[in-house]
Every structure is written in C-alpha cells, then in structure tokens.
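Remarks on the structure that follows.
Chain naming follows the written order as A, B, C and D, and within any one chain the residues start at number 1.
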Amino acid sequence: MAIIPEQADAVLQSQPFSRLVGARLTRFEEGMAELSLDARPDLLQQNGFLHGGVVAYAADNALTFAAGTVLGPQVLTASMAITYLRPATAGLRAQATVVSATRSQAVVRCEVYSAAASGEGEVIVASAQGTVLRVERDSAAG
Amino acid sequence: MAIIPEQADAVLQSQPFSRLVGARLTRFEEGMAELSLDARPDLLQQNGFLHGGVVAYAADNALTFAAGTVLGPQVLTASMAITYLRPATAGLRAQATVVSATRSQAVVRCEVYSAAASGEGEVIVASAQGTVLRVERDSAAG
Amino acid sequence: MAIIPEQADAVLQSQPFSRLVGARLTRFEEGMAELSLDARPDLLQQNGFLHGGVVAYAADNALTFAAGTVLGPQVLTASMAITYLRPATAGLRAQATVVSATRSQAVVRCEVYSAAASGEGEVIVASAQGTVLRVERDSAAG
Amino acid sequence: MAIIPEQADAVLQSQPFSRLVGARLTRFEEGMAELSLDARPDLLQQNGFLHGGVVAYAADNALTFAAGTVLGPQVLTASMAITYLRPATAGLRAQATVVSATRSQAVVRCEVYSAAASGEGEVIVASAQGTVLRVERDSAAG
C-alpha cells in the first residue's frame, strides 16, 4: 500500500468540505481509518445536536479512507447504509474497518462515537456500512 | 397537518448546519419535500466535485422534511441507505417522497439531481431511502 | 435488449430456489419487472405471517430481473436495503423499477405488496433499493 | 434475559419457512446469534450457487435472533442493508452481533460465511446491518 498517514490526512485537507467542517484523520492503518471532528455551533441542527448530515459526512468519509488503506488512493464510495442510534451532543469520532476487500472494491463498516452527555466516556451515535470502489479516473475519494 | 411551507423553511433555516451549506426548502407539500443548494468552492472534494457528504446531507434532510409533511414537525431520521450514481458538478436538488407512513413512522425515498455536465438538463446523482420516526421529545428534525 | 418475458420467466424457473417458493415473473418490460408468489403454509413464520426472508427473496429477485431488462441477462445483485413496513398475510407482488443505469450497473427500487388483511385491495409491506452489476462471467442472476 | 438457546431454536423450528430451508440455531448468547444451513439443490440459483434470497434469509433471521438475546422474544426486523461479497458454493453460517441496543430497539450486524471453494476454511459471502424493534404484540420474530 502506497499511502502513509500524513499523505492520507493531506488528501483529507485537500477536500474543501472536510476543512469547512473541521475534520481530521486521527488514525490510518491497514484496514482501518478514523476521522474526528469537534462540535461547533455551525454544525448543529435546531435542537442543539450535531446535524445528522454531519454524522453522515463523517461516516461516509471514514469509510472511504478505510477502503483507501487497502485499495489505494483512487476510491469512490458507491453506497452507504447508516443507522442513527442517538443524537450527538459533542464532537465525533468515526472509526471505519474494512470487512472484506477484493482488488476492485471493499465493504467497510463504521461506528460513529461521541462523548456521552453524562461526561463519562463515549457513546455510539451511528453505525454504518458502505461499499467503496477503486476507480481509474480522477473522480476519487469523497 | 400543521406545518406550512414557510414554517418548514423556517425550521430548515433554524438549523445552523443547513445555513452553513446554504440549503433552502424549494417544495413542501403533503407527502413530499424538495431541498436545494448551490455548488460552492467550500462544498467540494479534492477533484472539484460536490463532496459526497454534502449529497448525503441533502438526501437525509429532504427525507426528514418529507416525512414531516405527514408526521408533523417532531421527527427524527432513524436510518438511510444511499447509493451514489455519479459525481455532482453543480448544485443539488433533493426530491423526497413518502412511500408509506403510519402514525409513528414513514418510509421515504429521495432522488438527488444535479445539472448535467453537458449543461443540458439534470442528471440523477444519488438515490436514497430512509425511515423517519415521529418523536415526542425535543430531539427532532435533522 | 435481448431477453423477452418468456425467456426471463424461464431464467426464473431455472432457479431451484425460485421454484421451491413458487415465484413467477408476472411483468417484464424495459426498466421494470414484477415477481409474484402465493402464500403457502411452509413460507410462514411462527405467527402466521409470511416470513421476512420470503419478502427479502421477492424484493431481491425482482430487483435483479428489473436490472436485467436494461443490463442483459448476466447480472448480479451487489447490495440491497430493505425496510419492512407491515407483516404480509397473503401472497406477494414485488414490483421493481430501474432508477438509473449505466452500461455496467443499475440502481433499482422495489415495492412489495400483499393483499390487505381487510380483503380490500393491496397494502405495501416492504420497500427496497438495490444495486445490480452486469457481470461477464457465469455467476449471474440470483 | 428469559430465552435460553433451546427455547430460541424451538422458536426457529416453529417457523415453517426456516424448517423448509433447513436452518438451525448454532449459537445463541447475550448479544449474538448464529444461524447455519446446509447447501441443498433446491436452494440454488441457475448457476449452482446458493440463491441470494437464501443468503438474505439467513442474515435477516440471524439479526432478529441476535436482537432477541437483548430485547426478548417479541421482536421484528424493521430494516436490513445487505452487501453480497461473493457467491456461496456451500452451506452458510450467519453470525450476528448486537452493535447497540436500547430497551425498544437494537442495531445488529451480521456476517455470512460459506466454505471456501478451495475447500480450505471459510470465506465471507455477505455483510449485513439491521434494525430490530421490540414489539408488544404477536407479530414478532421473522
């Protein structure tokens, strides 16, 4: 595999939308990637929770990067199924793990965690599964 | 049903994240809602396409609002499955339609369209399906 | 497109499992397919409803055949998301429609209907979305 | 938790469709369930692989039983997303694990394995995620 963690975070930081929401790659190793972002007032919905769209973004992007650890940097998420388990009241940590991969595609799972409202530890806020394809062209990653 | 289109757009505008990405509610009627947003440099990924997370946000939120037309304003998206069909090179129009609803939940479909790269008409860029729940509490919508 | 309805039903009848559950192809035209099956005691779960696995089979196979109308006979369902809306108390009619297709894959939706318990008309019992791939090899359809 | 493994297998055997396909519960403990079935000529599709509908059945039912270990016996699968990774040429082992549960619902993942075509060990043939609800009424399980 050609990408190293710093290169992977550089790819993330080359995505204007990832910079807009303040995402950073906090782990990147064979078969897994972790994307983190802090809660900010402009990422919320009307009741003070992180917007579901932010949670979906985090899961989607963590899936893509995890697949990149086995498929290389030119990848594209083909589909994702996400289940929202509870509202997130703090920052997110999206941890994605490759379930199975061939040369051309990977199935990846992702759990999204947030700090518990109680202040003690983390709780899972969403669980996702996605399929990521290796692409030849420049339409990759994100 | 109690919500009228202006109220629904006011709910959308009360979501800081929806304002951040510049979303607006362009249709809202019994059983359907449409959310639109313009392409902007800070919504892209590294290859100049709209970030998949923005597409997921648009689908997720359109689903939620469409469900709101039949379940009322206190709703929460429980799960979503999204398939990305092609990269979006322009703004998005996410059109969501209720497939079936009971008093407590709705299954909703959503197609996301973008202007064709050729400049002629629109193309579908993603197709989604979601389940939205009516909630009693203040953890609703988004 | 090369397949005609009789050929398509012949493909279905060449699937031993489709014969086991008594499925038949009741519509097959450009962009859509419909698969029907009757309720039978050995297709039920313990409370007298059709087993969810039978509903999933019907949706999965209808999706695959609908995709076959645009991709040709060598196809394979890559993924499916299904939402169960209510228990089915009678036979099923799974109606699948292609949402979008390229030369190599199709995104297809499917609604599964059953006779209403009241005896008046049909009700929707499940809603699904799937991605179907065109394959070169002999691992196709089902 | 009230159910014990023998009771859980008795529930499975009380499903006529599960008996039709020859499923048996091979593990059942707090937070997980495993359902196994043998390949049989009448469970195949036209190319000699296990029919995708059989794989979907196995995943769906394993999810439901795993949820039952934490929610009790009255449960109903609300939705499932399944990705097919490769054709199954032998019997199936569907292993489901609860990701997160509240009093009223559980999110569950399931991997489906089959003996490798090479004869050495198992390969993963499908990966699924589902949401299972606790129900009050008699419309439960399957």
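The rule is short, and it goes like this: a residue touches a chain if its C-beta (ideal position, glycine included) is under 8 Å from a C-beta of that chain, and two chains touch if they have at least 3 such contacts.
Keep in mind the model is a prediction, meaning the values are calculated, not measured.
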item: Of A-C and C-D, pair with higher C-beta contact tally; value: C-D
item: Most remote chain, CA-based centroid, reference being subunit A; value: C
item: Centroid distance [mean C-alpha coordinates] between subunit D and subunit A, Å; value: 28
item: Approximate Å spacing (C-alpha centroids) for the pair subunit C, subunit D; value: 20
item: Distance between chain centroids, defined by C-alpha means - subunit A, subunit C (Å); value: 33
item: Multi-partner residues of subunit A (at least 2 other chains); value: 78-79, 81, 83, 131
item: In the complex with subunit B, residue positions of subunit D that touch it; value: 78-79, 81, 131
item: List of subunit C residues in touch with subunit D within their complex; value: 11, 14-21, 41-47, 49, 51-54, 56-58, 60-61, 64, 76-84, 87, 138-142
item: Subunit B to subunit C touching residues, read off their complex; value: 81, 83, 85, 99-100, 107, 109, 111, 124, 127-129, 131
